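Quick one: the structure is below, and I'll ask about it shortly.
Naming follows writing order (A, B, C and D), and every chain is counted from residue 1.
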């Protein structure tokens, strides 16, 4: 129609090639949302697993995402450096991935919160940040995981004082003010018998989603493929929480090779250190082109 | 931490002041989604009402949106020209509103599709386009509504030929090829007895959400406030579909006046012409500062 | 060559259509430059005319510039709203116009400063700002001209105190501190016999460049075309300064009509009020599409 | 004034940190400019030296530029990766550097073209392109220098055919069509006795400006500092052209160390290969942070 000229006001927003894109999603007003949905304090395993599940939906759909890291109400996604997805159009990428994450969060809610119905629709903000080199990407993820550690140690001590120690929140804050890391460990242990390093890795380290190659059952002899996700996530810790989505991740989700070489990859969840070199040295493809 | 410098790579993206922002959301791959969820063809009233409901959630939350228009799998939102919301940060606005729209869509699904469970989480893309003046804003909405009309007339004729006329889809396409508007009206009437102007306005005109002032029940004497939304939407046409969300719209949702004058506004849904002047002349505030 | 891929890192930067672009150029470090080239204080007519000349070179070359305003070491250029010049590529427009302005400034220097050789090459910064409507464009030019007035009144009083009144610069500052406009007029008149409104309009109002239609001498009978620029610029005030470039402006510089109607336009310099409506009402084309 | 709000329409345009910026300047319409100023064909040494001189002015002023490369009517400038100059504001950097380059070109014209007066003010366009890593920066400069080689070999052969061989330009084009590099070398040698590698390196390789440390005369004993620029540029080839500006480059232009270690650097011109590793290996600081 004669009105179609308004389409010309849409301007291109392609992101610089050869640059790492990291997209971070963060819950909007989750202070209130966590309260209204009775999230356990300081960490609600159901809520964290639901975030992991939504993140996995995103990685299942967008193969150019090579790594994700989640903690609290946020998730970060790293694209492979040379992705051409949607021609690197910023808004297209941001909107589609954010929307799928949000949608999956609501969609999978009942599995993770069978006894807690959703009172109102939660939302998330998102941003894409460009990082020119591997160093900044490493530092980005270190930034998020160090943040996880700092917040979680503090929150663990704080809620121990309140929930187990019977302190007021005001007094708990006052007691922790100015303490360094070692003092919080000490306090947890001496006063509450809590070995901080004994609490679930998911709480201490956040969640790391990577794509790992799996043996192709059909090629390796036809016997049933048994996912060992259990040994790599803390599911083995005996969690009774549903995890159907992540279990599904153990079945081959993508055939990314051409014909001959079948490099079947599946999304795996880890709760390990991503600040140190080991994690990255073992996965050079993350920071490649 | 020493890694926090990576935050500096987040660059500002504030949008030009004094300019109209229109945000358009569009369903991702809704061709497949509508098929997999048995949407009625060519128009599924449940699906359209769910879109309206999600859009209303957005308007209930973001008061600087003054107008919305929906059709098919898309919705457009107009902000008041001088909005300072999130300091006009493009990505912040885009992400929060898109995420809330998506979330509401899934959240309200069961109300509109009580007999159809969601097979997989749908997603949407989004964009914000700037328009410098009232003229382009008028033309933008005319563009969308004319598109609604063209598509709907075609689809109505097409599916009549297929569903009622027993034509193959190939032949239906061939029959309609090259026909002008009047010929499609004529075909619908002569062959199927369908008066195109008699089909629901929601299908022909799309959905228009505006904020209308309502009398404040508490101030005007305390008698029950009875929404007349029914006469303004095609609910009066006897639809048995749930509409709790839009009904909720009839209760005052916002006190936008300061102290003295209470200008209570509620979101209303219309299905009228927004190409012609009448709609805009009656609502000068839409294109004001 | 195999290296040509680096060209892909050049990203588009087209500016929003239908929006007014104003480009402002400002002398870099002209505090020092004016000192090192013995500019008269507070206003050096040679320097101002040279700026006008450089601006005219720009308007002679870029026909989509409809208006320019200059004062001190700066010049602002307004493009017609719907210009398609270089497809509205920001950097292309900015760089070409800035470079031509700079080049013309140096090129024409000897004409305006016959007795002052250039000690070093001056430079300018530049920016393009978008304005959505006529109102902001009007206000932009009002902003610059009001700035001209405020600065010039202050500077005139300041230098009168120093040069004629024998005050130190410190004391001159102190004397003027906190005075309002009327007090500065009064001081100039009572102490130095200076009627502020009697000083050259170029100093008080800045320079305004517009395109005016001229009668085409060849069409209107062949008699000599006599520019009346003299009555419209303050050249009529008897300035002995060279002005060959602006004189050239009085000869038709462009045939902008097609064939029949010859609307020949020439760039004219004015020193009048552009804050009030008269200027704009007389030239509706400036703020048109 | 009440109009100052228009300043808010100036939006930030800071460039991504940690990324290499390369700014390229290119003569506007230099096909015509070279003709109107009787540039020698295919290479005019005066014109090329003037470009070098303007580029040096830029490097003398902007210390964060670590490398420049020029050929034909263009010059490229590399900033050190972590420059904070003008807070990495794109338009500020682009405009100031372009303006200084332009200004210097006109300012120094008479030194390089003593017998050719400037007919009209030339102008240049400019752009800044971001490159995320050393690889793209290397490839960028390889792109430009390979371009120099390809164009110059062709042009040398072309103009030999025309000027010495008496061929028409049409026929010269036809003769060269489809020839590869070796054939052009052969043609030049067999028909005109020209050893291509014997023509000036400036023409074959373009001009490379780097900052080299020089011994600080005052520290190293006080004897006169003798620049050896002559042996490193092809000035030693006996050029009679003025070169005062580049000679000036041999005097220490900047004290960039803090107190103890005086690392005095001066801009040097080279005409060597920058495609291969040697150049870069010898100057690791170019691609550092």
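In this text, a contact is a pair of C-beta atoms (placed from the backbone, for glycine too) under 8 Å apart; a residue touches a chain by one contact, two chains touch by 3 or more.
It should be emphasised that the depicted structure is a prediction, and the values quoted were computed from it without experimental measurement.
Q: Count the C-beta pairs in contact for A-D and for A-C, then report the pair with the higher count.
A: Result: the pair with more contacts is A-D.
Q: So which chain is the furthest away from chain C, centre to centre on CA atoms?
A: A
Q: For the copies chain B and chain D, give the interface type as same if over half of its residue numbers appear on both sides, and as different if under half do.
A: Mostly the same residues form this interface, as more than half of the numbers used are common to both chains.
Q: Need the CA-centroid distance for the pair chain A / chain B, whole Å please.
A: 33
Q: How many angstrom lie between the centres of chain A and chain C, each centre taken as the mean Cα position?
A: Each chain's C-alpha centroid was found; their separation is 57 Å.
Q: Can you give the whole-Å distance between the Cα centres of chain A and chain D?
A: Each chain's C-alpha centroid was found; their separation is 49 Å.
Q: Which residue numbers or ranges of chain C touch two or more of the other chains?
A: Answer for chain C, listing residues that touch two or more other chains: 9, 16, 18, 130-131, 136.
Q: Name, in rising order, each residue of chain C that touches chain B in their complex.
A: That would be residues 16, 18-19, 130-133, 136 of chain C.
Q: Help me check something: in the complex, which residues belonging to chain C touch chain A?
A: 8-9, 11-12, 14, 16-18
Q: Can you check the complex and tell me which residues of chain D touch chain C?
A: Those in contact with chain C are residues 1, 3-7, 9-10, 28, 57, 91-92, 94-96, 98-100, 102-108, 118, 120-131, 136, 139-140, 142-143, 146-147, 150.
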